[in-house]
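Note that chain A is present in both complexes that follow, paired respectively with chain B and with chain C.
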Partner chain A sequence: MAVSEGAIGLPRPQASRAQKALAFLRRAPHLPLLILVVYALVAVFGPWLASYDPTDIGDMNRHAPPMFVAGGSSAHVLGTDHLGRDVFSRLVYGARISLIIGVTATTMGAFLGTTLGLIAGYFGGWVGNLIMRVVDAMLAFPVLLLALVLAVTIGPSFATVILVLGILSWSGYARLVRGQVLTLRNKEFVLLAQIAGCSPWRIIVQHILPNVVSSIIVLATLQIPGVILAEASLSFLGAGIPPPNPSWGSMIAQGRTYVTTAWWTTLFPGVAIAGLVLSLNLLGDWLRDLWDPRIQGAHR
Partner chain B sequence: MLNGASSAAAPSEVGILKLQEVAKWYPIQKGIALKRTVGHVRAVDGVSLEVMHGETIGLVGESGCGKTTTGKLILRLEAPTGGQVFFEGLDLNRMSSAEVRDYRRKVQAVFQDPMASLSPRMKVGSIIAEPMIMNLGLPRNEILERVGAAMEAVGLDPSAAPMYPHEFSGGQRQRIAIARAISVNPKLLVLDEPVSSLDISIQAQVINLLKRIQEEHHLTYLLIAHNLGTVRYLTHRIAVMYLGQIVEEAPTEEFFNSPMHPYSKALLSAAMPIRPKDSREAIVLSGEVPSPANPPQGCRFHPRCPSAMPQCSRVAPTLRENAPDHMVSCHLYDG
Partner chain C sequence: MLRTIVFRILQAIVTLAVVSFVVYLAGDMTGDPVSNYVDPLATEDDRLAITKELGLDKPVLYRYGLFLKNAFQGNLGKSFKTRQPVMTLVKDRLGNSLKLVLVAKAITLAVAIPLGVYAAVHRGTFRDTLARGFALFFQSAPGFWVAIMAIIVFAVKLHWLPVAGMDSWRNYVLPACIVGFGTSAGLLRILRSSMIESLQSEYVQLARAKGVSERRVVWVHALRNASIPALTFFGLSLGVAIGAAVTIEVVFAWPGLGRLIVESVTWGDYPVVLVGVIIWGAIIIGMNLIVDITYTIVDPRVRI
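Let's look at the complex of A and B:
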C-alpha cells in the first residue's frame, strides 16, 4: 500500500451571488407568495378597503346579488347576505380574524407539540410514554367536541378560540417530531456529539431540531387551514367568534341554508379559504426545500 | 501534546485502556403492559483487553460478534452490565463529572459512515469546532484558528469551512470526521470501520492519513474492522472476537504468520490473499453464527469448528497465553 495521501482540492466552486439569487427566484413560488401578501395586506388595511361596516345591516337589502350578476349593483360589489350586510366588507374584516387565529393557534400548537415530541423522543422512559399515551387519547377523541366543551366552559371570545385550538392541535406535531427524533437519536452524528461531551439540551437544539424543522413547517402550513375551518365550525356552533363579527367560517355556515338562492354568500368566503389553503400548502413545500441544504444543492 | 513527526510510533508499556470481564447483555422483553424479561442477548460477554499507550489494536470478527458494542462501551455510549472499563486507571462508570469531562476530551471516535457522522445542517467548520467548544473553553478566534489547522492536518483546504457536509465526497467527509476527532488532541481514538464505506483508492489514502496522524500526535488507536488487510497494515496487535468473546489475541505479524484458533484460521483463509499465488487451502465454515441470545454450551465455536473434540461441547475454554504474548481460547492448546 504505497499510495500517498493525495492532495484534496475544493469540492466545487461556490456559486456567485447573482447565480444564487437567480436560482432562488427560479424556485420561489411567485403566485402563492403574491396571494399570501394580498391576504396579509387585506387583513392589515381592511378598514380602509371595506366600504361598509361588516356588521351594518343597512336598509335590510337582503340577498342583493353581486354587481356582475343580473340585478346586482356597484353598491354591494359581492352582494349582501341574509341580513343585508355587505359580503365584500365582511370578507375583508374576516381575513384579519381568520389569519390571526390560524397563525397564532398553529404556532402555539407547533411550539407545544414540538417541545413535547422532542422530550418524548429523546428521553423516552415513562415521561415519553405518558406524552405519547396522551397523544393517542387526543387523536382518538373528537377534537371539535373537546374544543366546543372547552370554549363554552371558558366563554366564547377571540382569545378563547385561539387558546383552545392551539392547545388541541399539538398532538400531530408531537407524534411527528417524536418519530423523527427516534431515528435521529441513534445516528452517528448524535453519538459523536455525545462523545464530544454535548449536553442533551445542546444535542436537541443543535443537532436534532434543525433536522426536524422542515417537517414541522410543512405540517404547520397544512394545519393552518384546519384551524381556520375549526374556528368556522366553532363559530357556527356559537362557541367561536361571537356572532356579529365576521369570520369566513361563520359566513359559510350562515349562508349554507341559502346556497341555492344566494350562492354568493357562501362562494366568496369559500374561495377565500381555498385560496389561502392552497397558497399556504405551496409555500410550505417551498419552505421545506429551502430549509434542506441537500435539496438546495440538487437544484442549483 | 503535539509531537513532531520525528517521535517514534512504537507502543509504550503503559496501559491506557483496560477492559476487565466486560459484559453487555440486552434484555429481551415480552408483554405489553407488564414487561418481563425472557432472556438476554449477550452482545459482549466477558471481554478482557488491555491497550498500551501509543499502540494500535485491531478488534476483528464477523458482523454481530460484539465489536461495535465493545466500542460503544469504551466510548461510554452504553453502560456495561458486568465488568469494568478503565481509562487511565479510572473506572468509566464511577467517574466524577470533572473526570468525565476530561475523559470526553481524551477519547474521540471515527465511525463507518462519514455522511451519517456529520450533522447535515451544520457547516463543516462548526462540526470540527464542536468538540473544542465543548471541552477546551478557548476564545472564538483561537478555535477558528485550530479548525483551520485541523483541516490542514487532514489534507483539506481550510477555506472549505463554511460549506455543508453534503458538498464533499465520501473520502473528504471522512477526513472532516477525523479532523473533528483530533481537534481536541485526544489520547485514544476509537475507529469503528473507518474506511469500510470508502472506495479502495480512497481507503488507502485515509489509512495512510490515520497512520501519519498517529505518529504525529502519538495517539492510541482501537481499530474495529473486518478487513484483515487494513488491520494488518495499521495494527500492532489483534484481538479476534466471536459471539461476544475474545478467542485469540496476538501481535499482528505473529497472528498472520501462525494463527492458533480454528476460527482465526478460517477467517484468514477467507480473506483474499495479497498475492494470488499465496492462496492457501480455504477453510469454509459450515452453518451460521449462533444467536447471541442463546449461545452454545461449552466452547461457543464448537458447532462450526472443524477440529471440535467431545469436551468442546461441555467445557468452555479460557483465554490463556500459549506462546509469548499470544493468547488463545481453545482446547486444542490445553496440553
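Let's look at the complex of A and C:
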C-alpha cells in the first residue's frame, strides 16, 4: 500500500493530521463528548476509583442510604444494595461491561455486515440475493425477543451476550454497504482498476471500502447505544450478564424488588445507562448530519 | 406492478419460514425440557414416556415439518408446562399486547407530529433542542427503568395511577406513554428533516405569497408532503415498539404476549416461545408487506 502511494507521488499533508483531528473534535458537541470521555476514563481506571470490590458483601451492611441522604455515610457514597455491596463500585465496574459489550458487539456486527454487504453489492447474483433476503428477515424482527431466545439457548454469559448482539446487529451494515457498493461499482475509478487487472478482492478492499468507511462509522456510532440498551434489557430479564457481575441492567432488576424503600439501588444504574446512551445518540446524530444524512436511525 | 406485489408476498413468506426455523432450532438446543417436568425420582421408563409424549424422540427436521403441518391445520401444539393447547394460552395474551402497542403507537403519533413540526419551524433555536431532547431522552433511558421510576412517582407516591394490571384505561397511561415516548425519536427526526425541506420548497413559498396564513402553510401545505417519508418510517417501526413493550409488560405485570414469552423462555416451555415469537414475526412482516405494497401502488417509481 505504501509503495503505491509513493509511486503516485501525491503530496500528503501529514503534519496537519493531528491538527485536523483536533479541529474536528472541536466542532463536535462538547457536552456529550465530555461525558463519553468521563465514562471511558471511569471504565479504564475503575479499580482505582472504586473503593470496594463490586461483589464484596462486606459486613452485610444492607441498604445503607447514599451519603447525601439522612442516615448515609461517606463510606458508601451511593449507598449499598440488598446484599450490602457498594452501589458506586458496582456502577464503576458496570461501565466496563456496558462499554466493552457495546463496542465489541458493534464491531463484530459491523465487520460481519460490511463483509456480507461488500460481497452482495460487488458480486450480486444468487449469493447477493440470499444475503439480502436474510437481511430483510433480520430487519423485520424484534431483535430483543430473538436475542432473549438465543441467549437462553446458549446459556447466559459475557461471551454469549457479545455473540448474540453481534450476530443480530449486522443486517443494517449489510444493507447500507450493499447500496453504496451498487453505485460505486460502475464508477470510473472502479472500472479503471478492473481494466488495470486488479483482482476483485483488491478492488473491494482498496478502492471501494475506503469510500464506504465513513457511512459505516456513522451507523456504528448510532448502533452502539442500541446494543448497550439491548444488553441492559437482556440483563434486566435475567438472560444477560449472569450475577454477581455488576451489569447495570441486572442491578436495576435486583433493585426493583426493594425500590420503595431503597430507591438508590435502582435510580443510579438507570441514570448511568441514560447518560451514556444519550451522549452516544447525540454524538451519532451529529456525525450523521455531518457525514451522511441519508442513514436512517439505528435499528433496535 | 402485479409481479412486484406477488414477489413481495413470496419474499415475506420465505422470511417468515427462515425466522420460524431459526427459532425452532434454537429451541431444540435448549437443554433438556424433560428434566424440567419430571419428578427427579422418576424411573428411566417414566422419562422415556414423557419424552415420547412431548414428541422429543424424533429428529429435529421431522419435528419441524410436523410442527408446520399441524400449524397449517390450526394446531399449534401443547405447552410443556401446563399441557394446555398453545393457542388458548397465546390468544388473549396477543390481544392484550396489541392493545398496548396500538395505544403506544397512537401516543407516538400524538407526540412526534406536533413536536417534529414545532422543531422544524423553530429549527436551530432552543425550542428545537428542547423538542428533540425530550424524544431523545426517552429513546436513551431504558424503558424498564423509566417504568419503575414512573410507578414510584405516579402510583406509589401520588396514587394517581395503578401500579400494575390492565383493569381500566388508567392502567394504560404509564406503559403506553413510556413505549410511545420511547419510540417517538426516530419519527420526530425524520418528520423534522422532511418538514425543513418542504418549508423551503417553492409551493410553500407560493402559498405564503398568496397570503395563506402561516399556520395553514405549516400544518396543511408543508406537512402534507413532509408526512410521506414519516408515515413509511412509522409503518416500519412497529417491530421497535413490540421489542420495547416486552420489558414494559414485565414491569407492569401486563398480561401480554411479550411477558408470556419471557416467562416461557425461563421455564424452557418451548412450544409457547416458538409460537409467540413466530406470531410477532408474522405481524411485523405482514405490516412491512402492507407498507411495501401501498408504496408500490401509490408511487409507481418504486420497483424491484
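By definition in this document, the second predicted complex is superposed on the first by the 195 of 300 C-alpha atoms of A that agree within 3 Å, B and C clash if a C-alpha of one lies under 4 Å from a C-alpha of the other, contacts with A are read in each partner's own complex, and residues count from 1 in each chain.
Going forward, a residue touches a chain if its C-beta (ideal position, glycine included) is under 8 Å from a C-beta of that chain, and two chains touch if they have at least 3 such contacts.
Values in this document were obtained by computation on a predicted structure and should not be read as measured data.
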Contacts of A:206 with chain B and chain C, given as first, second, both or neither: first
Touched partner set for A:136, first chain B, second chain C, both or neither: second
Which superposed partner A:63 touches (first chain B, second chain C, both, neither): neither
Partner chain in contact with A:194 - chain B first, chain C second, else both or neither: first
First, second, both or neither for A:82, with chain B first and chain C second: neither
Touching partner for A:282 - first (chain B), second (chain C), both, neither: second
When both partners are placed on the shared chain, which of chain B and chain C touches more of chain A: C
Footprint overlap on chain A, where chain B in one structure and chain C in the other make contact: 293, 297
Residue ranges of chain A touching chain B (in the complex, touch as defined): 1, 3-12, 14, 187-189, 191-198, 202, 206-207, 210-211, 293-294, 297
Touching residues (chain side chain A, partner chain C) in the complex: 133-134, 136-137, 140-146, 148-150, 152-153, 225, 229, 232-233, 236-239, 249, 252, 256, 259-260, 263, 266-267, 269-270, 273-274, 277-278, 281-282, 285, 293, 296-297, 299-300
In the complex, chain C residues that touch chain A: 11, 14-15, 18-19, 22-23, 26-27, 29-30, 136-137, 139-142, 144-146, 148-149, 152, 156, 185-186, 189-190, 193, 233, 239-240, 242-244, 246-247, 250-251, 258, 261-262, 265-266, 273, 277, 280-281, 284-285, 288
Chain B residues touching chain A - in the complex, by the definition given at the top: 75-77, 100-101, 104-105, 107-109, 111-113, 116-122, 130-131, 134-135, 155-157, 159-160, 163-164, 166-169, 171-172, 175, 177, 180, 201, 204-205, 207-209, 212, 233
